[in-house]
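One chain, subunit A, appears in both complexes that follow, with subunit B as partner in the first and subunit C in the second.
Let's look at the complex of A and B:
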């Protein structure tokens, strides 16, 4: 098993290098950081612009291969370079990963558990009210773009608030609580977290429950479930211990990949609710012609795929004895 | 126990007037319509019936495992206590404790993600107050009891690491874990090979002796019941139609359906007739079982019954003991059936097969050879590594087999799953250049053939597959299915249009069936369509891969008769692959027995069946249950130990020696010979025959 994982890791590492390099070349060739400095008032002298761009390793006049070599050399030392505003990409990244983690951790946990539970229950109650209702609701959510859900929730919250500020609709916390972790600050953060988390939960529950429902339906008619009941397990115990335990297997890779990739994929949610996380960075860095940040997001996403791949391999092997390699 | 004592004692399980119906789009399906039975401690009741007869549904109703939509009426008493109407919580205490259950197909019946030991531990701990350690100990004991070798280690194995026979043993261990009063076994050996079936039945018998439980054995196999059960109940269309002690039902049946069922089974213990006369036909039951959602009034068997009278169409007969009979049967004419007035043999008309053709009467060596394999080998490399593949082993699926089929004869190729039968067929059909050995078809060595020649050869060689549903495209009307081979070989439209009704008629279907889709036909009819497709191009050689194993016996008989008839009429030769030796016995002129990629015994069917000489053939034949209770009781089975070895790890010398009953009895230097020398097929029996066995110590004995 260890050797198998090492081999997989090596494969994934090659993929990371390829993906990150391709992202860099794509960003380096198609983005033009010079635009950010031109047309300013007062105008910045051409020589200063060139100097700044050279300092940031972003000068489009330097051959992209040379820039790539420079970038790759820095990466090897753990330096992601500078943003177009001159800050360290590393620092920006650190901050944003923290924001994304705080947003996603609870939301994905709740989303996965609820999604699996609702899907499984829908299968058990096939064609009854709960099943029909959850199916309809899921497709309703899946058919709606995320930002529409976000904005709709905002409007709903404003109506609920009725002039008060109980549910906050923008940002991660109010500025006076910056850097604080007391009870007040936590309550404030929770007030902010409610809507974006709800958005993510809704979308995840809708998606996961569909998959879980269909895998559970496959298992419900299975002979081993009948065996479990024939030996004296009650219906519910058999359904959970033998049914769901088996039906969750095919859903595991989907869950893992979705959750992990949400780190850079929650773009619309973060934009809608003004959270400065990784998803926001991807869009913002492109509009700002920020080559290094785009490349860094590309690299980070590739690493996420690596983590998701390994994690789902490990989890799958832990859950399903049939795929364990001896 | 005499009948009187039996009547007096209280049965452990008593089912009375059980009715089960399900709502469906086509109306209410009356799956079970009045089942009555009683089993006493230590007794085995066999319930036999074809698919859809309601035998499994009634056992699920006893356990309370039917879906909520099922409407269940009647009474089920375990040890005098009523079970019907109890909730899930109460029934859970009875399932697995009062009643143990053994299901068919043990691969899907065990949860794939838990170890076998854990699943037995679970069964123990649901009902008994045992700590984990004690329960595990007990599970190991149980696995040992059912004959799992090295049970302590194997308890940690997962179901996929067990062979089919071992899984079924584990199922039995689970069923007897809590000393049940009744064990219900639903087709417990149906998916297994005969030698494994014999082992499992043996274990089940032992389990019964240990627990003293009553067994309700549900099966479609009259042979299994004959040797295993004390009493039998025959079911048809959701009702028992005949019941009684096995001897009475088997030897003095009163219900035409039972008679038909017993008559339609090909018998291993009956010699086929001489070569010159016409072959003896099986006696099929015409028609199909009725739909349980729209039963007409009267006896449900009436449409298929050759002796039906007006009364049969008016009222459904009760299960009663007729005058002069000694056990109950549900037939208006039960008082006549089996008496001199209407002897058993005259109930069903025996179909006649055409007389053998000139070629079929010629001595074998004067007929041309249609197919010949010499030293055919098919090895698959076992590889490791994703990018750079390296070979780490070889699966010897087919390891040097030689056989020949002459014109107008049927060669039966038999062997258990995994012995290489299917690979052999695929190799023949594929017309490959081959790894080693030669394939000669109609006198042509296929290695030197051009593409066009190969295509022409394929026209003369056709195949019928096992599962007629999977082998026919569900989205194509039957007419198109039959037209396809004709189109491929360039027939014009007018000729095709004329040919299709002809083909349908040939296999006993109607011309207007051409517009229907395969799913509108029953299993037997679908197999007839497959046969028609194979015969469309008027081939000379037809390869039949388990053509009747998916069919009920009464339907199977009709298909076998059809095959026999077509062979004579069209001058065909068959390569008939099957695991059911009784079927092969009936249809084959010659037989080749395969074991682990080799042919271990071959020869004329009569000689091989009369005096099997290889220990494997002997074990195989002795494992086949006969539908004859007295013979079954008198037979001693040669039980093989263990499972078929993996073809990736073939033993040295004789590949059968690890399981060979004879090897164990040999002296040390003889054993050495088996270990070191791979036996070549050598002639056995009379010098004039070509009966050969690949065994150093081959000796013919009678086992059937």
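Let's look at the complex of A and C:
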């Protein structure tokens, strides 16, 4: 097991390096940071633009290989470079990871628990009303792009609010509560959190429940479950201890991958509701022609895939005794 | 999947036995196609999905002929009008008829979905089958590329490359979408090819001197046709959603062209006050997604009755579970 994991890790590391480099080259070749400074009023002198771009290691006239070498050297020292606005990418990342974590923590927790529960219940009550309803509902949710769900919720909330501001549709908190963690501030944050969290929960529940349902259906017909009942276990105990525990295993990698990758993957949710997290950065860095941030996001995502891969292997081994024996 | 069941299917790519004049008394053999159609027709949701999709196609191509407005004409007397007898779905901020605009977007979205579905399935079939059939370093190289493409964030890459195809045709965008959606199925095809390539009919062909590409396209791939058809449908659905997401941020279909994603994006900021601007195009998008999902589900039941959904999606082998799930990560990641 240890050696297997090590080999996986080495392979993953190579992939991460190659993927991050490729992302850098693509971004360096196709984005033009000069556009950000040109056409300003008052116009910025050409020499100043070039100087700034050189300082940020973003000058499109420098060969991309040279820029890459510079960037890679900085990365080796743990420095992700500077954003197009002149800030440190590291600081920007720190802030944004915090925002994304606050948004995702609760939503993923509720989403995965609910998704697994609804899926399992749907399998147990196959073709009954609950099953049909939840299957149909998840079909609809999965057929909708996330921004459609988000905007629809926004429209719904505006109608519900009816002029008041009970459900907030934009931002993480109101500006007067910045940096505060008192009761008022928490309530304010909760008001802001409701819609984006709901969006993420809906999507996750729909996805996980579909999978949980099908793995659970597989397990329900199995011999060991009949044996468990035959030895005198109650239906509920047999279903949870022997059924759900087995049926949840194949869903674990899916859960892990999805949850870990949501850090940069909650793009639509964060954009729709104006949360300044990692997902928002993914889109904004490209529209701002911010090569260094794009490359950093690419690197970060590749690392997330690596973490998710290892984590799901480990979790799988922890949950499934059959793997440990091997 | 269906490989294991010894199918009626002969290896030749003509799975529909022509009913030769049947004698009275002997029961007529039911062709595979006929059987599939019958099974599909029994599934009410799938039929509903098919009907909706056909209607959408009809609407997209016939609809614009029925209204006097077209998607480029500004009606300077009606800005942001609600749905009226004149403008069925209202008008946008620029006075463009929303129905004509949405139908135009619908055309593009449907075509993109269709193309990406076909191209990506073709890619996965070819790469997967060649990889497994030749094995050795071909296999290793191709699978490494698959791994790499899975590690690279597809959304980011396509978005980053969008300035490159800004001036060129939307077909480049289609190619990019397809290039990032074939990998998982490629793996599945590869593992199915491994089991097929030792079967007698493949060996026979090989020893008769049939060249490898012919064996792959004539004898191996037709044997997983059902899986590939289902996959193409599912990929088409995913492509429509993926395309709309990229276009929504301006990274996809570019201005002279419109797709449902751009139509929605142009109008979301006014969605709260003028909801129809959002609900009509978004409704079309959701209808495409739902109908394709229903069709895919119905096709799976019709073509692959023995494969429980779970088996088709979550192989039990440990080594593969982690990988398989990346498909869902790709599907679900862009929340």
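Everything below uses one rule, namely that the second predicted complex is superposed on the first by the 321 of 326 C-alpha atoms of A that agree within 3 Å, B and C clash if a C-alpha of one lies under 4 Å from a C-alpha of the other, contacts with A are read in each partner's own complex, and residues count from 1 in each chain.
The definition used in the following text is that a contact is a pair of C-beta atoms (placed from the backbone, for glycine too) under 8 Å apart; a residue touches a chain by one contact, two chains touch by 3 or more.
Owing to the predicted nature of the structure, the values given are computational and were not obtained by experimental measurement.
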**Report entry** Touched partner set for A:235, first subunit B, second subunit C, both or neither
**Finding:** first
Requested in this report: Please work out whether A:321 is in contact with subunit B alone, subunit C alone, both, or neither, and reply first, second, both or neither.
Outcome: first
Query raised in the report: For A:162, is the partner it touches subunit B (first), subunit C (second), both, or none of the two (neither)?
Result: neither
Query raised in the report: Given the touch rule stated above, what does A:139 touch, subunit B (first), subunit C (second), both, or neither?
Result: second
Report task. Report the partner of subunit A that touches more of its residues: subunit B or subunit C. Result -> C
Query raised in the report: Does the superposition put A:61 against subunit B (first), subunit C (second), both, or neither?
Result: neither
Query raised in the report: Of the two partner chains, subunit B (first) and subunit C (second), which one does A:245 touch, if any: first, second, both, or neither?
Result: first
Report task. Have a look at where A:222 lands relative to subunit B and subunit C in the superposition and call it first, second, both or neither. Result -> first
Query raised in the report: Which subunit A residues lie in the overlap of the subunit B contact set and the subunit C contact set?
Result: 320
Query - Complex interface listing, subunit B residues touching subunit A - result: 63, 65, 88-89, 92-97, 100-101, 103, 105, 108-115, 122-123, 126-127, 158, 160, 171, 174, 177-178, 386
Query - In the complex with subunit C, residue positions of subunit A that touch it - result: 11-12, 15-16, 18-19, 22-23, 26-27, 30-32, 139-140, 142-148, 151-152, 154-155, 158, 199-200, 203-204, 207, 211, 214-215, 217-218, 250-251, 253-254, 257-258, 261-262, 264-269, 271, 282-283, 286-287, 294, 297-298, 301-302, 305-306, 308-309, 312-313, 316, 320, 323
Query - Residue ranges of subunit C in contact with subunit A within the complex - result: 147-148, 150-153, 155-157, 159-164, 237, 241, 244-245, 248-251, 261, 264, 268, 271-272, 275, 278, 282, 285-286, 288-290, 292-294, 308-311, 313-314, 316, 318, 321-322, 324-326, 328-329, 331-335
Query raised in the report: Which subunit A residues qualify as touching subunit B in the complex?
Result: 7, 222-224, 226-235, 242, 245-246, 249, 319-322
